[in-house]
Amino acid sequence: MRKPKKILNDPRRAVPEMLEGLVLANDGLIRQLDALGALVRNDIPEGKVALLIGGGAGHEPIFSGLIGMNLADGAACGEVFAAPPPETIRAAAKAVHRGKGVVFLYGNYAGDNMNFDIAAELLAEEGIETRTIRVRDDVAAAPPERMDDRRGIAGDLFAIKIAGGAAAELADIAEVERVARKAEANMRSMGVAVSPGSLPETGLPTFELGDDEIEVGMGAHGEAGVKRQKLVPADAITDQMVAPILRDLPFVRGDEVALLINNLGASTMMEMLIVNRRVRQLLDQEGISVYRTYVGAWLTSQEMAGFSITLMRLDAELKHYLDLPSFSFGFTSQ
Amino acid sequence: MRKPKKILNDPRRAVPEMLEGLVLANDGLIRQLDALGALVRNDIPEGKVALLIGGGAGHEPIFSGLIGMNLADGAACGEVFAAPPPETIRAAAKAVHRGKGVVFLYGNYAGDNMNFDIAAELLAEEGIETRTIRVRDDVAAAPPERMDDRRGIAGDLFAIKIAGGAAAELADIAEVERVARKAEANMRSMGVAVSPGSLPETGLPTFELGDDEIEVGMGAHGEAGVKRQKLVPADAITDQMVAPILRDLPFVRGDEVALLINNLGASTMMEMLIVNRRVRQLLDQEGISVYRTYVGAWLTSQEMAGFSITLMRLDAELKHYLDLPSFSFGFTSQ
Amino acid sequence: MDGTGVKAMMAAVARAVIANVDQLSEADRATGDGDHGVGMRRGFEAVLEALEGLDAATPEQVMKAAGSAIMARGGGASGAIFGTLFRGGAKALEGRDRLDGDGFAAFLSAAVEAVKKRGGAAEGQKTMIDALAPAARASAVHASFAEAIAKAAEAAEQGVEATRNMIAATGKARSLGERSLGHIDPGALSVSIILNAMRDCAAKT
Amino acid sequence: MDGTGVKAMMAAVARAVIANVDQLSEADRATGDGDHGVGMRRGFEAVLEALEGLDAATPEQVMKAAGSAIMARGGGASGAIFGTLFRGGAKALEGRDRLDGDGFAAFLSAAVEAVKKRGGAAEGQKTMIDALAPAARASAVHASFAEAIAKAAEAAEQGVEATRNMIAATGKARSLGERSLGHIDPGALSVSIILNAMRDCAAKT
């Protein structure tokens, strides 16, 4: 097994050094608290409902890179693939709070759930109201009747985009929660892995795949997928991924959707666009129209090669928040 | 040598399929001409000086993904790592022309130079005025006294951003040319390769590197760099790259710059940010301040791992065009 | 064992966990994301720091300080779970100036309850609970401190082996389903390493 | 050789280039970006298409059609260079209804001039010119068509070998500097493949 090659200093300092570089790359828009993994916007208006996102590092630019206009007010970042500790979350929440409560938005993983819940309990004791939205978009992780067993993957981007807009425009935390839940409930994703990413600290890939193998449905930390198989053409893989997505919600003729093709890290934009071509052929056949398309690397898994496809069904309200211009280090839209 | 694994259909159809997917991903903003590699914006105003960019495919999102508001009006795309033929360039130029001439902007490579020059000759016969700007930002390619032997790498992004803004605001092609040349003259870049990218058609990596080797100064098509060496810590590599950049222009105390750390494909954002941290330490020492930072994968070399650092010295005029909001599939800024 | 003894014991536990970082990460590579060892190392390095700043403490204070350190610095599922283990267990030691066999049994059963409450998992779901719960039961024998720990450690080792035949129902291993069979649960292995280190300390005293 | 013969000859040339796609790309991997073969294949597949649509043509028309096809579809440096070779060479055939030894020599020297003008490179810079220019000189012997081509092909092969000892001064290989020594230039190899295919055709007639 070849040791992955990375441009690092001390691997155990990778996350703190990364966060330092990230704050600098934000050109003065965000700052870092004493609890190192806690990053917050410098210009949060009084009386704003706060949006706090977070999770393990290693998925950059999500989560730490999505703090900004009409996006998150802060992020609580853990070590690579490890949820942030309660104290980091609590510190970030207190720093972004402007009297209207804090919406927690993160991917649905045992570690994140427990640490954010503990933080919520501590904040409740201090009289700070929190609401929790867990993104559960990965249809490969569990059947529909077990939604709470589903992982949060690239759908995080749509959830942050919509919740960020809602938190910027709506005065009531219950309203922000409602809009964010609507987005979360209307998105479905499915991923495929082509080659593994590796952990800086161990220097080891999180899984192994044969030179001619792919794993359909694999998660963003290398969690097992639904099928390990031989590499097949792009169109065939896309067909395998789109079918379960459409079936699950289900998406039906006449639906208007936002489409996200998320690069897990080392795949090429050329591959992503060839996949997009096929996705559009399939959606055309089903009579589903695409309102906006996003192709890029927003939720990565270190240098993992592979990608995921996400569809979010839109209504007028979700379109409104999708169309709001947004600005951050890792995601900017017009 | 392990065969690279990619999500493709027929490798010989990779570029046309990619372009089809790209046009769809632009959600109606651009169209494709009969000369397949010619992409143009649908909403170019009358009387606008046109900006046409282009080059070989395989570097996505540059060039084909940078057509849009305050960016390029069109792009002429060739096959992977191959300059577009004159006819593709000519067709794109005619489609973007609005009576005020067409500015050609592309990286300085023998193939691009010859094909764009031939197209310019053909267009001149048809009475269409063109101006040519060749980006030559790679300090590793040749000494300052041989600027015309320097390759165009990630600096393309800054050149397109500035020229795009100038072409949107200035009425006279000579003025657009002046601003674009100023940007080009004030930028310097240097790259490093960690592992190779591969050509879809041959399925072969464009070069080979030992498991513990990197090549400093390598070009975006795997052209030889200045030094092949053992992998060293991120800070040491960054020091090696920043010194020749600063020395070359030279950048001096008091300069204000735009900073771009461009991922060549398969490197992680975590690595790029750790590099950014060190770049800022070095610039602080030199008394050079950073006006805006861009970290991402804009000029890629298929799945090549590695990155480049680009600095562009700014004055009030360049800041103005850098700050203009811009929107395209592959690059959006606020 | 008095507070000073418990403090020394917890330091030995921390060193044992840190020494096994690679084995724990490797176990997590098979079923999860490969970071359990590095996460436990972060947590128990914080324990060592916390213990240094702690003098003349009761058993409860030592365990609570350890749990709080893990909770604050471990991160991931294991940070919350193992932080909860020691913080939850500590509550059962309230008012005891010495840790004896019964006290230790009380500590473990309180720890089990706290972990179940926090993570919502039950026995048989291939988690650290499958080492911790049997250990708690085995220690409830009204025996000496050393005997109680020895029984707990032995039960935990069997519990780790038992996780081989369980299908993961929580955490990152869940999606493996059937394919998780044959692999041990990394968190269960951590519980066993912790209890073995305690046993060796108690034996020495 | 009349226009029909030249057309058949160019078809044979195209097939020869296409057959060597891997060898040409491999040569470019050593010094450039590894795509010379696939670029030449694109160009000469277009040549085959163009020739089909061409009947009763003069030698000039055949060569011009071939050059235009390469120019339109080859792309990269080689598309411009080899397109220019055939289009530039064709001009020297104006008014000739047959291709003889002198005509062929005129074709090659016109081609060399056109390529130099287009790319700005000179002999000795490790490009296809280092095969084409010696071939042009060798063919200027006022001999039969077959002899002229044979001499040109022989000179081109020597030219290819000579590029081994040259330091690249243009194109993607330039940055290799000294390290380009020992490698042949892929474009020069293409010239040799083209001329050898012509020689074999001429020999048959």
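Just so it is clear, A, B, C and D label the chains in written order, and each chain counts residues from 1 on its own.
Methods note: a contact is a pair of C-beta atoms (placed from the backbone, for glycine too) under 8 Å apart; a residue touches a chain by one contact, two chains touch by 3 or more.
These numbers come from a predicted model, not from an experiment.
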If a chain touches chain A and chain D alike, it appears here
B
State the chain with the largest centre-to-centre distance from chain C, centres being mean CA positions.
D
CA centroid of chain C to CA centroid of chain D, Å:
75
Averaging over Cα atoms per chain, report the distance between chain A and chain B in Å.
28
From the mean C-alpha coordinate of chain B to that of chain C, what's the distance rounded to whole Å?
54
Distance from the mean Cα position of chain D to that of chain B, given in whole angstrom
32
Going by the contact rule already set, what residues in chain D reach two or more other chains?
none
So chain B residues touching two or more other chains come to 80
Think of each chain as a node with edges to the chains it touches; is that a line, ring, star, complete or other?
line
Can you name every chain pair that touches?
A-B, A-C, B-D
Counting only contacts in the complex, chain B reaches chain A at residues 2-3, 5-9, 14-15, 17-22, 24-27, 57-58, 60-61, 65, 69, 80, 192, 194-195, 197, 200, 211-212, 214, 231, 233-235, 237, 265-278, 280, 290-293, 295, 297, 300, 302-303, 305, 307, 325, 327, 329-330, 332-334
What residues on chain D touch chain B, complex-wise?
22, 25, 29, 32-35, 37-39, 42, 71-81, 118-119, 170-177, 179
Which chain B residues qualify as touching chain D in the complex?
56, 78-87, 109-111, 114-115, 117-118, 140-142, 149, 151, 199, 201-202, 204, 206-207, 219, 221-225
